[in-house]
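Have a look at these structures, which come just after this line.
Below, chain A partners chain B and then partners chain C, in two separate complexes.
The block that comes next holds the complex of A and B.
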């Protein structure tokens, strides 16, 4: 009886695992299939490195399907946001794990986790009404810019970075701080020379999660970045791949090259994310050794 | 035969809870002193008080005096105390670096960046714990990859790199197997020629094998102290005898 039960349980687990993997494969296959017709119209090089995006046939005689600016904007805003978020997040994580008292920590943690629960449209709304207005007053034309998007995005990334980084840091602090103390070594030196390096592997994992979130984030970025097909500058407008897809998918005629090109953009986004994940993964393995 | 470290009327409390009462003890130089007693009697607290690790615990309050080489520790900085008094924990905690970097860590912190001198320190300390011949080809390997007993010896060697006079060990063998325990005990017997060793143990047999002097604590009070041979043969206090016979523990 127990054996049958075990077998059934085993089969259930296998099926559920399979469903997860199959849905991933299915999504990738589907996007690829829908993306491929694009390349009957434009070459891959032209698509990736072209800067002209005139996707609607009939409006212009000479349609263009280059997404270089979108790719650049996506990477630009993500890296900028990661830079801000990692600096602030790591600082916060070190404070929470190594300095804050147990009581303060239990009070602060839920607040940080709450940041992750706020819908992105609310972030976008706040960004639009606060940040963009500040930038407008500071003299940025219309106020929408890449920096504003990066700041909004970085706040969204914070909870991912802070909560998992401070968990690891706390664990390593409990393990190593007293060992450092026993040698007469100052707290800050132990934190910088032992606790941080020991936590690096998990901090990098948190960064993978965060950068995935950053590149895919649509709504908040779309609301503050200005959405113009320009090469991104820190105070200029830009448009990310996710924004292009969200803005245009509804109006693209099904089956048109425009429609397929949007799928192809999605595929490019997936590939970039995969590459970044592999890169950080390799870095992690190298550092750990 | 003088003493390296001694306490005078040492009391420790955590918040409202008093853990050690009025402990006056002398730890003789180049001898192994064991601190034994039932769990919760304040053995570890006493050890932590000796190198002021206790001050890292927020609500701990310490009164009384501790002297190292007849100098009151109040006159010494935390760093000086920690350098003079090394501490090895119950669970081996090597840093997640190579063996070499573990041992070079403290000397580098104290400003030694000379490579030949660092090499010499690493080799010398590993020899002291009898580990050098065992692992001399693996100094660049992560310290976490060695066995528990080897890790504990790496930690002892690391504590020695700060050039202490006193070595404190808090149940250093409690997470180790019999063979590693024997090796650590041998190491300690060898080390007492150069260092004053104070060890907390819950293992009476181990205290018997190692100690020159024994201190018996119960409920934060010093019940008895004395020369090890005498102590185990004919304890003066009834409570000590009961503890040694395993009536409570």
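The block that comes next holds the complex of A and C.
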């Protein structure tokens, strides 16, 4: 009887897992299916590297579907955000792993994790009310700019960067610090010359992962970055791929090239993220060896 | 002390100071600015005013957000936990395991806005559900699935294996062991994964912009009707500009309070379980 129950549970589990896996694959295939009709109208190169985005037929005589500026803005803002986040977060990670006591750490981890829980609209809202106003006072036209978006994004990335790099640092500290102490090397010298360099590879993967996370972010970026189809400059406006989709999907006519082009932009985003994931997988495999 | 050491030490202190002050700033900014509009009417009345939302309350948005979150958790959590159980205890082939991991990673990487696109064209358009709680709930559920799965699998892999091996040695079936030992031992982690996943779904706006959240609706009655949602409401209030700024602070206040409370709840629960496991 128990055996039968066990087998039933097993089969149930397998079927359920299989269904979930198939539906996850289905999501990606479905997006691809909706995206493909775009390329009947526009060539892939034109789509990826064109700068003219005039998607609505009728307003202009020759519509253009080039998302190069959007791709550039997405990558630009994500990398900028990642660098800001690393320059702050790595410091915090060093503090947590090398200075803080065990007790303090158990308090600080959930405290920093609070950042991960804050909804992205709230980030956008606070960014709009605080950062954008500061930039406006500083003389940036309308205050919306790529740098503001990158700062907002960097705060959103902090919890991931801090927790993953602090984990690595902690592991390496346990490996090397007592050996360093035994040799009579000063603690901070061991940290600076052994522990940090040893953790660098893992921190690098965390950084790439953070770029991936930043690229998919919609609301916060959309509210702060200004949304203009321009090539991104640090104090200029820009528009990310996710914002284009969020802003224009509601008005795109179902079945039109505009509609499909939005799916295609989504697909481009997914493909970039897939490439990032594969890159990280390869990096990890190399690190294990 | 050499200069490099000094700089790294300085970096560490500066980093933790900045991170903590950003967190404290965010919460106190929203709480201080929002507290002036929080009262009984704001929580329990529907929005009103000539510019919608500039007066009245946000009750339908709170109720709607609950409906979205519950649907998302119902859709996302069970498969997440099951995949985690399957991978941790039943999967024998390494190939299948690493392929599934790759897939989970990839789906964690799908931007939420793309999930919204998917749900829009499949459920809203092709299957004719229309904009409704269910269409959004499914998109949100897919979004939180990898989030919960990763946490659950981590909890399973950190278990004390002696107890499990002893149970097998006593002749227990795998199912029995999972039901009576593993799931109870991991209840804190599973609970926290599901609650934080729920918070994540509650705060996400992108997947529901065109799948189920609307500017005004009554209290949610059925899964096949659209509803209001807190993050969407906040976004629309911000888009309206200065007239509704106070109400926007209030809405943000409510969301931040929910996030703060769930995080505290999860941390305290995990600590209690850890203490009770020690004794």
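Methods note: the second predicted complex is superposed on the first by the 250 of 289 C-alpha atoms of A that agree within 3 Å, B and C clash if a C-alpha of one lies under 4 Å from a C-alpha of the other, contacts with A are read in each partner's own complex, and residues count from 1 in each chain.
The criterion applied here is as follows: a residue touches a chain if its C-beta (ideal position, glycine included) is under 8 Å from a C-beta of that chain, and two chains touch if they have at least 3 such contacts.
All values reported here derive from a predicted model rather than from experimental measurement.
> Go through the superposed model and pick first if A:117 touches only chain B, second if only chain C, both, or neither.
In the superposition, A:117 touches chain C alone.
> Using the superposition on chain A described above, determine whether A:246 touches chain B (first), chain C (second), both, or neither.
second
> With both complexes superposed on chain A, which partner does A:204 reach: first (chain B), second (chain C), both or neither?
The answer is neither, since A:204 touches no partner chain.
> Going by the contact rule set out at the top, does A:263 touch chain B (first), chain C (second), both, or neither?
second
> More residues of chain A are touched by which chain, chain B or chain C?
When the residues of chain A touched by each partner are counted, C comes out ahead.
> Let me test your reading of the model: by the given contact rule, A:179 touches which partner, first (chain B), second (chain C), both or neither?
first
> Between chain B and chain C, whom does A:75 touch in the aligned arrangement: first, second, both, or neither?
Neither partner.
> Scan A:189 for contacts with chain B and chain C and give back first, second, both or neither.
A:189: touches chain B and chain C.
> Hey, what residues of chain A end up touching chain B and chain C alike?
Comparing the two interfaces on chain A, one with chain B and one with chain C, the shared residues are 186, 189, 193.
> For a test of understanding, state which residues of chain A touch chain B in their complex under the given definition.
Interface residues on chain A, with respect to chain B: 101, 175-176, 178-179, 181-186, 189, 193-194, 197-198.
> Would you tell me which residues of chain C are touching chain A in their complex?
Spelled out, the residues of chain C in touch with chain A are 1-2, 4-6, 8-9, 11-16, 18-20, 22-23, 26-27, 29-30, 78-79, 82-83, 85-86, 90, 100, 102-107, 109-118, 120-122, 125, 142, 145, 173-176, 196, 199-200, 202-206, 209-210, 231, 234-235, 238, 245, 248, 252, 255-256, 259-260, 262-263, 266-267.
> Give every residue of chain A touching chain C within the complex, in rising order.
The touching residues are 2-3, 5-6, 9-10, 13-14, 16-17, 19-21, 23-25, 27-28, 30-31, 34, 88-96, 98-100, 108, 110-115, 117-122, 124-126, 128-130, 155, 158, 162, 186, 188-189, 191-193, 196, 212, 215-219, 223, 242, 245-246, 249-250, 254, 262-263, 266, 269-270, 273-274, 276-277, 281.
> Over in the complex, which chain B residues touch chain A? Could you list them?
51, 53, 56, 58, 78-83, 86-89, 93, 95-96, 105-106, 109, 155, 158-159, 161-162
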